[in-house]
């Protein structure tokens, strides 16, 4: 047996081009369905595991998929905004604990998630280094963000402008890294968490500046009366919240009208959850309440339907490839007729000849298997990122 | 060494028939078989080697009735008792010269490949003047060197009989002489018998006996 | 337990297998009490953090032995102006409940991260009754409309009817956290409400004598008090422990021209100089301590009862 493998190996390594082509064909055609299945399993795991532990999400009426993707996976598509009044509404119903989320801004390619400390308890997130966010302007980094950006508690991070050309729009805010979360192996590892009020400061709804009633520079004052001082646009708004200026930070207007993207509602029990869902059924309702599990289930059904089509296509391609490979082997055999006749003449049995040919096939398939395995291993290592890239961001 | 009696053979396709009433070769003899193309010289070699079996008659090689052995028996007998040298050398391009020489040991269970055989192969190659070419591939060798490698392959199992089918057919005159010298030396050194099919009449005088094949065809 | 088992094994010279079993059982028995103790923590005292002393008092009255109420502000600082440091903020975050006064009290709350699920705005139910402060200088940006800071007066507990509502909100919050103790909390809140309503009644009766008499308050902390009991109060900004400046005196004079008060209500004991100076223009002093921080003596109720006694003098 070893002799057959030896001779087969010599033949294969001599015919590099043919072997490489065959290995590539076999490896690819084996890799494709496995990689597809792996990615689908990973996407199902990622998407469903997160959806399964998030009971209800409330947001503006519209695409429930966009709402869920933005709320659970911090996807790029920002749903229509709702206000904090939606949070107060849930609180007043006394059926669930509401957790507001404002996922709109980003920093260095990572999403900024404005929320409250309730979110961390809900998701079971633990601070591994530093502390929990406490002051306006604090941020807490997901484990992977800290790793990628090489940041630790005490460092700072600047939010990204929403629109490169909107110079009068959202100002970058320099945030202080208060802590880094322990790895959770979820989307939370890739996010930068801030208090919801900090998110509003990023938006410009809250700001800090000098006391307008004590300004010495006249060019900073537009108009002054006994009851009101109007400042000019020259008045500098702080782009960083420090212990010296934090007391100047304030919010104009009613906080109840301030924007958020969604509310995660955690019902106190199943009955409360059912009642809560019922409260949003009216036709005049401008908000929708969704069960993330159902939405993701629908998405996965669609993905699996597409996968079935892809499977069919791959099967046809695999069949064609298999036929081509058989043809290559058959032609190769034909070309080696003389060699076969010679070794037969020398005293080689037909069985040994078959063994020699099978050994070649075996080694080719083995090498293909190794390459396929290596590719699958690589896909497995990066499955998380690939799924995020394909389905979430 | 070879004893053929009342041999009759024909190919199903083509209608070629071969009839040999009597034919024998003595041990140690250097015999040349000549004849026109298609006269059945290669068929004779194949019958002696047991590659094909006659319809009638007996073929005895080294006192073994080859025609009466089964397939496996004939194969084993062939690889242990008979060395083949072909006109086109029939070396495998993808194996080194050493591997080509050792090839029979890798394709048959009747021969055992061990260190001793390796050493013998190297010595044989040295004797044939290709000792420094063992790691090369056939395409790197000249025609003469290739045939010498083929002869090494044939001689390595220490066969009792060497069947050479136009062994000098593709060689230049110098190499023809050289190859024939090597074959004749092998007959003496290894106490073997040589049966050569050839078209080369210039070389015939060097053989012990020459048989004209036209007498054997029906 | 483990040491005992090791001793047993040594004394008895047990075989190795038996030794392992003894050790295993000892460890399990040792762990069981710990786990049951850990379980007890979950249903133990509620950790309640508050932003001022009145809430602390209400929270302790309603919660009794089932709560541990903390107000971490320093004793010598007005809780309305106090700002906690990061460590204290972390303590607030870990609490089971965070009781807020509402009406803009403790502005630091808007600049820190607190778990919303644990926050209770004790005055949320009567938001519509907040008193908007007049005279605050607003500011705006650019030539656009005003963006006023809509300040509200925040000493809501000075209206004892509203104080009772705040206390009731605490009881409701407790009931949510510890549903098995709802009845206990209900009993306690009823008792507290009785005390607060008694105060409310007493003051109403007390002031009915001369309700419209003009009064001056040393600080604008009596808005809710004035509204509830129909009092005619104008405010100055005088510190009880500071010497009166000429400017402050001038401001008082201006007010007295149209508001001829005979009594100044102080939030704390004033210095003699101030008392004398006021007396020289026919104004008497009385102390009505808002009790925003922990009193040196007594508690919220006793302080308020004393306040009522002090007030009675002005309405005799």
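Labels A, B and C are assigned to the chains in the order they are written; within every chain, residues are numbered from 1.
Definition applied: contacts are C-beta pairs under 8 Å (C-beta built on N, C-alpha and C of every residue); 3 or more make two chains touch, one makes a residue touch a chain.
If you're wondering where the values come from, they're calculated on a predicted model, not measured in any experiment.
Colleague: Between which chains do we find the greatest number of C-beta pairs in contact?
Modeller: Per-pair contact counts point to A-C as the maximum.
Colleague: Could you pull out the chain whose C-alpha mean position is farthest off from that of subunit B?
Modeller: Greatest centre separation from subunit B goes to chain C.
Colleague: Using the average of all C-alpha atoms in each chain as its centre, how far is it in Å between subunit A and subunit B?
Modeller: Going by mean C-alpha positions, subunit A sits 72 Å from subunit B.
Colleague: In whole angstrom, what separates the CA-based centres of subunit A and subunit C?
Modeller: The answer is 45 Å.
Colleague: Report the inter-centroid distance (CA atoms only) between subunit B and subunit C in whole Å.
Modeller: Computed value for the inter-centroid distance: 114 Å.
Colleague: In the complex of these two chains, what residues of subunit B are touching subunit A?
Modeller: It is residues 46, 49, 51, 71-72, 75-76, 78-80, 84, 86, 90, 92-95, 99, 103-108, 110, 113 of subunit B that touch subunit A.
Colleague: What part of subunit C is in contact with subunit A in the complex they form?
Modeller: 83, 86, 89-90, 93, 107, 110-118, 135, 137-143, 146-149, 176
Colleague: Taking the touch rule as given, give the residues of subunit A at its contact with subunit B in the complex, in rising order.
Modeller: Residues in contact with subunit B: 3-4, 6-7, 10-11, 13-15, 338-339, 342-349, 352, 356.
Colleague: Quick check on the complex: what are the subunit A residues that touch subunit C?
Modeller: Of all residues in subunit A, those touching subunit C are 87, 94, 97-100, 116-118, 121, 131-136, 138, 195, 197, 212-213, 222-223, 226-233, 235, 246-247, 249-253.
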